[in-house]
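In the two complexes below, subunit A is the common chain; its partner is subunit B in one and subunit C in the other.
And then the complex of A and B:
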């Protein structure tokens, strides 16, 4: 075991005091002075309609109103992350209820809102399709008739003249033979609705196009550089280039995937270009945050698994139909990621997966913590439990029999990375006392236990990269310049720990600040749970670069062999000379003075870049064989002890356990925070949250009155996070990603516990008290009928 | 979010001037007490009054007292005041327990029980306790003062017996002279603050008099004469409870909406009625029962 000073320690967050004391400045807090303009956006009142006319004469008469902008001001400015299928304002037609149709710009929010209410939009209704299974039908209305003309990344396969924006096919082995060998086959379908991120901070963006033609955007952001790139691409018709665009990202009040890519931020950027000289603010309300950013995609799956009587899986077929919404520029990559991984953490020889991205007239789907894995794991891990029950094999044993190990092949036939999956299974089973039946003191209540495995890989382009600069200050304190975002996971702190470990500096002497794309080096996005791994590697390399400069200088000035030098306690020390101690603060800015009175060296500045050079998406589109699309998988297991009131269906979580193999917990208390927080978010999606639409595609619950997020009163009695550490060979100090994974086992383990307790199987999320009570009541009525 | 429409704001110094304003605006004014509903409606533009009349300065509406066998609750009394009142805990614990189920601490610090019955949504948590204790609403206007029995108060969703020029002064709850205990059971989607998916209130006296009320399972909160007649004078046992449960579906008319299905609401009213009755009689018999967690 390495003897680390900073790594593996539960260091206090470097941004903690600032945040808990209220000193932290968020985007909406920024002060732009009296010239700040406010935009209010007019949203579509139809899910699918032609825009016949937009009359804003009355709106312009409101005192304080300067402009009203529509698609006419931005004709056919298409943009998107992975597929350019969306527009700044709806062009000739609207594709979802709430889509931006016009924006009023005024001197105060009140005038802007008042004027927006006076904008008259005339629509001619078009046929709509709100359900992905309907959208698949041959005679379904085409939401994007020009699909074949859209630019997209090479790993997407849209089907022209259909609503299928992408179809990820995976074929491995021979599923026909696999099913023929099976002693038992279980086939069933599972439904997962859409979900909202509900970050505590709603989206906000301010654009300023200054008199020199410089566009600066301040935004609530997980992806400042990617946003800069998309702004430059979308606004290219105005002559704007990357060189002209700057994105500044202050502290973020929660992301969960919702602030990745570009949604409403495009409005601040675009409107600013029409209001030269004055900043323009777009502040989303909670309602707009629900219906016009990204939502988690809805899913209908069909899953078929064949097994031998000994529990060994012989074949899997997984068909996953995604309700991806009106624009899929980001959401289609969720579909892609799941297509590659919907085998789950299992070693299966014969696999066929169809993950299908389907346009619907609902709000755009996009990234959401878990990136599609929660959705397919609900069905898959429900299925494993059901099959084990049928075979009379303990379900934990069934998972051990089939669980993937290092060197086994994935669905696309790459080798599995080192993994602590089996250790996680053991530890979770022990902690939850698997196999020990528990009974409630209350005769109305029963207790069940549920188990689930999970895995997830980062979903990223094969060349997604991170970079870092490290600069020393006179007192040997450090500034780390990176462009990832601290969205709660503790990224800023962990980067400081990595640099501090290499350079012998305590974490509290290191600043890692939020990025400005002009000053900070490139980062792809803070998504995919890749930032600790990828940016951590870049920071480590930058720190090593700085260290080598230090050793160069000391070797040159003190004539000591560099192999004998090391950094500790803010000093350069020497293994051969106990008395040699050179404080870093003596020279990291001003250099080292030599005998002749001159100085050598100068400011120490480290530079590091990381790109996973082994990754590739070049694969056969019909089988997905041949590439190496995913860099690694993080795995784990979870289990729950659930007490259920038989009459009311109300659940109380007595205990929940989750183990995840993080490779190396760089900061164990932050990892435990992720484990606990992710579990709570996962359990919320299982038990309470649910987006509901009316027959016209209007979201019925864009508020916390009817979109329920659990409160402190609803948390489990006991939460046990377990950290497993099987090092990731290419991770910084062995670390791999953990942020999203922690919510993944929630849904299936609850479904499995409900069945264990009551004998009813719920195949449709959320698993509410109502669903449980009615299912159990129906079961009891049936059994009393059967006598 | 900005409020886009214009209105005037008045804070009258006396009850008389408040009533004069109500007369003058002829239904175009809104009373501002806690404003926990009103502020949201103003922001969303679902109400567009010409004037807001802030009654928070009228100290004659602050009464919370026990007078001549009645609990008197002024129009400015907040839910949190009811939760924390020793008087309420002593004389009518069901009132404080019901108040505790309303929204969150922040909202309870502002919201008033009088405002709650004026909003008159079908799910209002204060209805069952007022119904089972036969509360009276005292309203006044420049035309005079009248008393409206709570059973006549709720006319339709969001509509009450209050005329446009009238102001609720206080709610009076007669406290039975005999030993009694009331229990409110609220069904929410979780333990955090929620609007009732369904609710049942019962009151039992030592003479086996029973009062039963429901909320969120019809256009207005209601009392169930049929259930009360069935239970009257009888001691609770399994057979009687079974009979009572069987009567529930014909006494309520719930709908299916985003918060719950009709089927679940009916089922849960049966469950909650039984649990509320058992809890109320148990409490009367001196048992210790956690009324906050009956469902």
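And then the complex of A and C:
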């Protein structure tokens, strides 16, 4: 065991005091002075319609209103992260209810809002398609007739003149043979609806295009550099380049994927270019946050698994139909990622997966914590339990028999990284006392247990990179400059721990802050649970770079061999001379004075870059064989003990356990925070949240009164987080990502526990009390009929 | 416009408000107190909570004019002479992640501990049930409130 000073310690967050004291500044808290303009956006009231006319004469009459902008001001300005299918303002037609049609800019928010209500948009309804299965039909109305002309990344395969924006196909082995060898085949479908991120901070962005032609955008962001890039691309027709664009990201009040890429921020950037000199603020209401950012995609899956009587899986076919919404510039990569990984954490020789990205007239689907894995794991882990029951094998045993191990092949035939999956299964089963039947004291209630495995890889382009600068201050404190975002996970603290470990500096003497793209070096995005791993590697390299400069200087000035030097307690020390101790504060800025009175050295500045040079998306589009699209998988297991009221279906979580293999917990307190918080978010999707649309694609519950988030009263009686540490060879100190994974097992383990308790299988999320009560009632009626 | 007075975090401040100005906006935009946040603007999330004459209220639901002459306390006030025992606990336990809910939670928990210095688990859950937190699963927040109660109680600075 290495003897670390900062790494592996449950240190307090370096931004804790700021956040707890109320000092932390979020985007909406920034002051811009008396010239600040406010934009209010007019959203479409139709899901699919032609825009016949936009009349804003009355709006312009409202006192304080300066402008109304529409697509005419930004003709055909297309943008998108992985596929350019989105517009700054809806062009000739709207494709989802809530899509931005116009924006009123005024001196005060009240005037902007009032005027926006006076903008008259005349629509001519077009046929709409709200359901992905309908959208797949041959005669379905085409949501994007020009699909074949859209620019996209080379690993997407849109089908022209259909609603299919991307189709990820995976073929491994021979599924026909695999199913022929099976003693038992289970085929069924599962349905997971859409969900909303519900970060408590709504989206906000302020754009300022100053009189010199400089565009600065302050945004609630997970992706400052990617946003800069997309703004520069989208606004290129105005002559704007990367050189002109700057993105500043203050503290962000939760992301969960919803503040990745670019959604409403484009409006602040674009509107600013038309209001030269004055900052323009776009503040989304909670309702707009539901409608017009990203939502989690919905899925209908068809899953077929063949097994031998001994529990060994012989073949898997997974067809996943995604309701990706009206624009899929980000969501199509969710589809892609799941296509590559919908085999789950299992070693299966014969696999076919079809993950199909389908346009619908619902709000755009995009990144959401878990990036599609929760959606397919609901069906897959339900299926495993059902098959085990059928075969009379213990379901945990079945998972052990098939669970993937280091060196096994993934669906695209890359080798599985080191993994603590089996250790996680073992520990979770022990902690939940798997196999021990529990009975409730209340005769109206029954208790069931559910189990689930999970895995997830970062989904990112093969050249997604991170970089870091480290600079010393006179007192040997440090500033780390990076461009990842602390969206709550504790990233800034962990970067400080990494640099502090290498440089012998206590974490509390290190500042790491959220970025400004002008000053901080490049980072792709804070998504995919890759930031600790990727940016952590960059910071480690930067710290080593700084350390080597220190050793160079001391070797040169003190004539000590660099191999004998080490850093500890903010000092340079020497293994050969116990008396040698040179405080870093003596020289990291001012250099070291030598005999002749001159100074050597100067400010110590480290630099580090990380790019996963082994990653590649080059693969056969028909089989996905040949590339190395995913850098590694993080795995784990979860289990739950659920008490259910037979009559009302009301559930109470008596205990929930989750183990995740993080490689190395750089800060166990923060990892536990991810486990506890992520689990609750996962449980919320299955037990609380329920997004409802009407027949016209209008969201019926875009607020926290009707879209229920759990409160402090809804927490499980007991939450047991378990950290597993099987090191990731290319991770900083062995770490790999964990942020998203913690919510993944929630839905299937609840479904499995419900079946264990009541004998009813629910294949459609959410699993509400009402649904359970009805299913149980139907089952009892059936069994009394059967006599 | 009407001239009103608040005693904000111990200091009397005079200001002009419109009859339909909302307290949250006035605190943030006219008085520069940014700790109360807007998460929903309709009373659902608790991010905007402040203490009005010692009682926690959702400042997004209250008209500024109605609070004329009243004492208002925000997180800026709670910590102005050094952070409270509760706030120190929040820091020590890494209770918050994104921190956006922290001011509202701090208001609710401070009110609880002032009235009930040794709360039970159920008391804490009840007191925090109007504050939504999407990040933490609540457990580390509840733990900090319980610990602050047990260790500080009446004698701690709350």
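Convention: the second predicted complex is superposed on the first by the 787 of 787 C-alpha atoms of A that agree within 3 Å, B and C clash if a C-alpha of one lies under 4 Å from a C-alpha of the other, contacts with A are read in each partner's own complex, and residues count from 1 in each chain.
Everything below uses one rule, namely that contacts are C-beta pairs under 8 Å (C-beta built on N, C-alpha and C of every residue); 3 or more make two chains touch, one makes a residue touch a chain.
Just so we're clear, the structure is a prediction, and the values are computed from it rather than from any experiment.
A.B. asks: With both complexes overlaid on chain A, does A:650 touch subunit B (first), subunit C (second), both or neither?
C.D. replies: Only subunit B is touched by A:650; subunit C is not.
A.B. asks: After the superposition on A, what does A:285 contact: first (subunit B), second (subunit C), both or neither?
C.D. replies: both
A.B. asks: Looking at A:489 after the superposition, I want to know if it touches subunit B, subunit C, both of them or none. Which is it: first, second, both, neither?
C.D. replies: So A:489 only meets subunit C here.
A.B. asks: A:415 contacts which: subunit B (first), subunit C (second), both, neither?
C.D. replies: neither
A.B. asks: Have a look at where A:773 lands relative to subunit B and subunit C in the superposition and call it first, second, both or neither.
C.D. replies: Touch status of A:773: first partner only.
A.B. asks: Considering only touches as defined above, state whether A:61 meets subunit B (first), subunit C (second), both or neither.
C.D. replies: A:61: touches no partner chain.
A.B. asks: Looking at A:705 after the superposition, I want to know if it touches subunit B, subunit C, both of them or none. Which is it: first, second, both, neither?
C.D. replies: After superposing on A, A:705 lies in contact with both subunit B and subunit C.
A.B. asks: Of the two partners subunit B and subunit C, indicate the one touching more residues belonging to subunit A.
C.D. replies: Greater contact footprint in residues on subunit A: C.
A.B. asks: Answer with first, second, both or neither: which of subunit B and subunit C does A:114 touch in the superposed model?
C.D. replies: first
A.B. asks: After lining up the shared chain so the two structures overlap, which partner does A:124 touch, if you call subunit B first and subunit C second: first, second, both or neither?
C.D. replies: Neither partner.
A.B. asks: If you lay the two complexes on top of each other, which residues of subunit A touch subunit B in one and subunit C in the other?
C.D. replies: 285, 705, 711-713
A.B. asks: Mind listing the subunit A positions that touch subunit C in their complex?
C.D. replies: For subunit A paired with subunit C, touching residues are 10, 12-13, 15-22, 24-26, 28-29, 31, 197-202, 251-256, 285-286, 487-490, 669-670, 673, 676-681, 703-705, 709, 711-713, 715, 719.
A.B. asks: Help me check something: in the complex, which residues belonging to subunit B touch subunit A?
C.D. replies: 1-5, 45, 187, 189-195, 258-261, 263-264, 267-268, 271, 295
A.B. asks: What residues on subunit A touch subunit B, complex-wise?
C.D. replies: 108-110, 112-114, 117, 285, 645, 647-648, 650, 687-688, 692, 700-701, 705-706, 708, 710-714, 768-770, 773-774, 777
A.B. asks: Where on subunit C is subunit A touching in the complex?
C.D. replies: 28, 32, 34-35, 37-42, 44-45, 47, 74-76, 79, 83, 87, 90-103, 106, 124-126, 128-142
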